[in-house]
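Next come two complexes built around subunit A: one with subunit B, the other with subunit C.
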Partner chain A sequence: MFGMKKIRKINKSNDSSAKTEAKHIKIPSSKVEFIEKLKEITHSPADLMIKEISDTITIIYVDFLIDVNTLNEQILPTLEKTDCATPRIIKESLLVAEVDLGSELNKCVLEMLIGAVLIHVEGNSELVIAKISAYQTRSLTTPENESQVIGSQIGFNESLATNISLIRRYITNPNLSNEKYVIGKETNTSLSVLYIKGIASEEYVNTVRQRIIDLDVSDILDSAILTELIDDNSLTIFPQMLLTERPDRFCDGLLSGKVGIVVNGSSMAILCPYTFFEFFQSREDQNLRWPIATFLRLLRFSAILISIFFTPIYVATLTFHYEVIPQPLLVPLSESRAIVPFPPIIEALFLELIIELLREAGARLPTKVGQTIGIVGGIVLGTAAVQAGITSNILIIIIALCALSAFTTPNYVMGNVIRILRFPIIFLAGFWGFYGIMFAFCLLIIHLLRQSSLGAPYLQPFYPPRWKDMADSVIRLPLPFINRQPILTSRKVNDKASNNNSSNEEKMKQS
Partner chain B sequence: MKSLLQISNDQKFNAPLLFFVVVTSQIAVGIQGFQRLIVKDATHDAWISILLSFLFSHFIVYVMFKTLEIYSTNDLFGIQLDLFGKYLGHLINFSYVIYVSFAFFVVLKNYTEIITTWVFPNLSQVFISGTLLILVIYSFTGGLRVIIGVCFISVVSTIWMLLLLLFPLEYAHYNHLLPVLSNDLVSILKGAYSMTFTIVGFEVVNILYPFVKDKNKAQKYVHFGLFFTCFVYVFVMIVTIVYFSNEQLEKTIWALLTLFSIIKLPFIERIEIIVICFWLIIILPNLCLFSWSAYRGIVRIKNIKGTTFIWIFTILIFFVSLPVQSRHDINRINNIFSKIAFYVVFIYPLFLYIMASTKKILKKWVKSS
Partner chain C sequence: MRKIKLILILLICCSLITGCAETKILERISLVTLIGYDNGDEDKVTATTVVRQINPEFESRVETQTETEATSKGTRIKVDMKTAKKLAAGQLRVVLYGEELAKQGIEESIQTLLSNSEISTSVYLAVVRGESKTLIEQNYEGISDIGQHLYNLIDHNIEQQQLISSTLHEIGRDNQSKVRNFALPILKKEGQFIGITGTAFFNKGKMVGELPSSDISYLVLICDSFKSGTLELSLDSESISPTVETKGDTLNLAVDSIKSKSIIKVTDAKKNEFDLNILLKCRLLETSNKIDISDPKVNKTIEKAMNEKIESEISRIIKYTKEIESDIFGFGEEYRSQVRGANLTEEKWMEMYKKMKLNINVDVEIIRNGVYE
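After this line comes the complex of A and B, so read on.
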């Protein structure tokens, strides 16, 4: 990742000088000159279509990027009718929604590459830009990675326009602001910053705006890269912004005052600021009855602890602290460990590694082969390892439990973190027993306390304690008790939080 | 006043968090073995001694806040500079820094000793103090917000330990508590005096005060914190008295840990090993608060960066802690510390308050005349 960043920066410095030179190219008024110039800039690609409608009018577009029907039915007939006209007249007579006049060649070329038809009229140094872009997009499908039983079954796709229209279907509100940015020197990726005016705190919106404007990168191919670039701390293992493919989760975030970013070409939208505990919530929790949702959340949180600390505790106990185990439990433990030739730490690392390999293989393989992995891993490796006397039965149970617990994390990125965290702790447990585990625990807590997301404390609402927001954090209380606008996101620069809160609520009611 | 502090709102924390600060700063290594010292004088009336000592603490906190309120937004170091002038003020500030560092040292040393006695007899003390200091550096460099956060999480994540003390009650002899008040007042007061080592720590409020957001609520939460620790100590003491006989207790250095060690659960035995390791998170906020207080004092004398300070501080402590190894040494250090702490925490604030209020009255008098 660091290497990539460096390369990007070097690229940037090289081409920035070239670009400033080529910035202000006037459009030649003569047809031949114009076409030559255009070909020179675009290096005459094979899909560049140049059509001469009449002696004076030429249209240029990139094949497959535009809607051919509109071109045939709207633009071509109009152009044929209006012979020897100026660009201004053509612009007015075209029955296309988005028509513009351009006088700068570079900008026009960019528009063409997004999906516009350029119309050149002999003797004029202005171009008509008719934006009739049409791209091939995947149809809307169910979100594969964030599936849920109850709730809407629609996910984002890769088109920015489709995604924003999806969001607008959920939130019909004139206050839903949409700010457009284009970043990436090589890719010119467009992205939208979405938030609801009056609910989202200006402070956070400004931070996001500033961080995006300050970005100096050559390319953004996915929103996941953007999250790492605009994070508070990109060195930490913990994600500080949510990537979601669910429009309902995204809108839920916007309505509770978060700032959202949608990147063109990526089916994952970004929500920020996001806190540690929110990563373990599922959108479905809101749709279930509250006691069940609370139970599931508590289950997930205990799963984190199990998944991080269970194997290390096993290692520590069997290496140093035999006396902690009661006698009835000690007998089966020592029986199953009696034939194992390795110390517990090697045994545990070996099995953990197998589980990780299985998971990685399962993720990379085509789905059809994936099932074999389960059989190979579960039955062949597991049973055989025990029978061969390489590991103990009890450890297999513990490792499986840890793996299972890690998979309950609703967020994939956070799930990865929880799984990987275990490894250094196993080492510490193997060397210094419970003391090592406790050392890791303290380090982890201090680390989490030090993190922030857009400047907001990462462990909110647990620390700093916000009792009102606890209603929807580790537990979920009935909906009337839940404050739709957590203090986290409605926090203002000065201490007038309560005032602003009430005014925001009024706005919400009005809208 | 030149010594006024400028603190931005970002650095401040809410008053209720003071509750957690006070609780963690009081409960550290002392609680593991304070029973023996107090019972030696007050025998089975030891819990009355604890109540008395807390009563006195409440009074001291009241005086402390009266002093701080005279200066509205200043900490102890600023007050001392204002009262004693530049040179004497700096000298007193520096000796207070030494006291705080001594407290840091005592906590560190006692904990390493417990670890080596109960859990890892062969683990080098150097390693334990090294790892502890790494944790202190990491949380200190995060700023006050992180330190207060460590205090908060420390209280929340260790509160379950109190429930463990219900197990020894199975073997309790409640008649150990009777007859109430059979000791004379002097021996009870002596017991209260022995509480010093265990009860001190709340004096960090003196230095934290300017960083509290709503200052008029601060005192309330400090008193709440004292009430809570008082409850914890009295509870622990009563459990100890009803469980141990006097003769047994005299031979038990860490009575609390012995109490834990008899607990048997279907899946765990010898809980004290887990508890001792878990104790790391109880002493960590103490170390953080003490090092932070030392930093606030040093900054008044010479303006240095926090990161530079904490490295120098921890390295110094590390080397000082090397020669102190045996139980005997540590016991002696504890005794010296509790003697000093008694004067610093319980007597000095009274003196300071008298000085500050006289100065205030004098100023008024000068102005009016």
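After this line comes the complex of A and C, so read on.
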């Protein structure tokens, strides 16, 4: 019911003219008129089923959207027994869990399109809505993009109901709030905002609510699109909200005070606010012993640095700063470079491009063909390029190391960012050497410092420094040391801050 | 709009500035790894450079070029004219000076090296007995790259504290100080090998004296904290009898320092009196006689004899440096830092150094014996 209210709210707040007009469509009490009106609204699609049970009762549904078994075993027999009845009696006698009465045609049609059977009784301007929707959904499988060795092996699928049921299996708690919204003028996509009352900060919940309500879009086909629409900064390359297909990771976020969004039709759920460093954490870190988890995290963070800066350092060193090459490396480096006709920047860009092409080709091709790409790329291009004298073999090792490092990022979106970031830095390194790299590094830090996620600083817990949250950042200390509700999402801190802000604003208004 | 303009201007500037950066692509330059300076005719300097040439046949060639010109930059231009690729000195590891040039003074050369930003200050400096040109140009069997070979030779000996560290940084520091002089190792060609034969002492950038390589350990002991060096001593049997009996006249010992500390203290500024306290904790590596070191009496006696021996050696060395007027140990610096209002000048300090009274206290402690690596 709460969700329904919300929908009405959206209708009111958004474009009132069109919706208020639609709201006034009343349900004709005559059967013929009703059917005609309905056909007019839905443009009589081929899968619209209209069935006359008796002279008075007509049922209407969309084929394939409903559970035929329930229709046959529960609804049809009941309707046949009750002959001359009012919708209220039918509603009470139906042995279906979700039955409702509707008096607005548009709303009823919407329900029908989600998967309800509409029951019209001659002479009544109310409809019985029996929701017996049956989705054709994919069965629950292991998450493919966020695989982990230890831990649950279940991933979200594309059905909102299944996903929420998965979440409720993890968090059995009446405080788990679920606010339903419908957005997208054309698609009417339903989505749920989930948070745990008492843990999640009201400020963040309000922000998310506000941003979703204010959206004016025609369609939302995937949650990834939604993240871009409600991000703090849509122009930046860095993601500010997490897209995850793991229910355990999602619930972990909810329990630490984050706000989650699940979109119907998308197997990725959104978690926010999210900080830069959290993107490099894996749920599995919690499942491993802490020294191992700490080691893996440090490995991942050093992999970022390697991945972003290793090739640029190679380029800068060989182009400008031959002085810094250690003496034992001098001979092998220069000998491998000797036959290469290009300057290091061209050589590096060429190889990086090959790697990116291989990756992209591998991602787009069917899995069976994808394997050949690996062979072609790894053996043919790699060795041939060195033998042909286009690249040096030391650079091949460096590029491979960088590519490998980029793939250690547990989050795919962030992994892409790390991979792409390298290119502008290679250019700067090729033009200005170490100065260029430092310039890029400074720009990167400044940019990251300016980012926020739902208004929370993006580089927490390093800036602003939150010592308590350090225990679960680039390292992971034993669980007793970890604050389950980090300062980032802490209710006390954030709500206090927001109260102060709001009171300030009020003061401003008064004055 | 203003922001876009700003970004545009920045981008244009960036792309234009790229032209200003001078590229030195590794394989398109000739790397100078060693330079030897000698005295040329008529005030000119002869530079012998070892250049590593990289060619596409996956092998690098080392060639030596010799040119004589009035300035070192002049020789560089001349050598540049002979090489296919641009000369670059950034990988320079060792700079050698011929004995004769060293005696005439190398102060200017050190300044030139220091002011070249391309050259690292970790370059090693050394003096060559005779001419550096002959040392460099000789074909040695088994030494493919003489630049690298000399670097390794000096580097590992400094690491093992068998040489006084002679990096450009340290020499430059000592040279710029008014009251301190520096010392460089002396290299000598010995048939097919190159060896370190001693230490050259400098005063005002001119080589004024030298000590053989057997004295280097004592120099390191005074100058530096001795961590890994080995000290060889021969004690008179008189000094240790009758507690320890020896077969011959002397007892030869080798000790390996575990920890040493040398402290220079000005005890009386007016009387020009200094204390040199050396604390040496060592382990006994080798003796020419079998001695029972576990006996505390024997231990004490040997320690005492070692103290005396080291004290006498050090006073001999200090006396020599006084004669040649080269304060490489930094007594002057200590005086300047410890005495308020010292106002030392070069001449004043040299006078003082010659008359300096030094009390040497050596405290040797044998803390381990029998096992070493």
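Just so it is clear, the second predicted complex is superposed on the first by the 467 of 511 C-alpha atoms of A that agree within 3 Å, B and C clash if a C-alpha of one lies under 4 Å from a C-alpha of the other, contacts with A are read in each partner's own complex, and residues count from 1 in each chain.
One rule holds in what follows: contacts are C-beta pairs under 8 Å (C-beta built on N, C-alpha and C of every residue); 3 or more make two chains touch, one makes a residue touch a chain.
Source: prediction; values computed, not measured.
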Subunit C versus subunit B on the shared subunit A, clash or fit after superposition: clash
Contacts of A:L459 with subunit B and subunit C, given as first, second, both or neither: first
Subunit B versus subunit C as contact partner of A:T319, first or second or both or neither: second
Partner chain in contact with A:L449 - subunit B first, subunit C second, else both or neither: first
Partner chain in contact with A:F431 - subunit B first, subunit C second, else both or neither: second
Partner chain(s) touched by A:A338 [first = subunit B, second = subunit C, both, neither]: second
Which superposed partner A:G123 touches (first subunit B, second subunit C, both, neither): neither
Which of subunit B and subunit C A:G370 touches, first, second, both or neither: neither
On subunit A, positions contacted by subunit B and by subunit C: 320-321, 323, 325, 432-433, 435
Residues of subunit B that touch subunit A when the two form their complex: 9, 13-14, 16-17, 115, 119-120, 123, 128, 131, 135, 138-139, 142, 145-146, 149-150, 152-153, 264-271, 273-274, 277-278, 280-281, 284
Parts of subunit A lying in touch with subunit B, wherever the complex brings them together: 320-321, 323-326, 329, 432-435, 437-439, 441-443, 445-447, 449-450, 457, 459, 463-465, 495
List of subunit A residues in touch with subunit C within their complex: 317-323, 325, 327, 330-331, 333-335, 337-340, 343-344, 431-433, 435
Subunit C - residues contacting subunit A, complex: 14, 17-18, 21-27, 29, 31, 52, 54-56, 58-60, 88, 90-91, 93, 118, 120, 148, 151
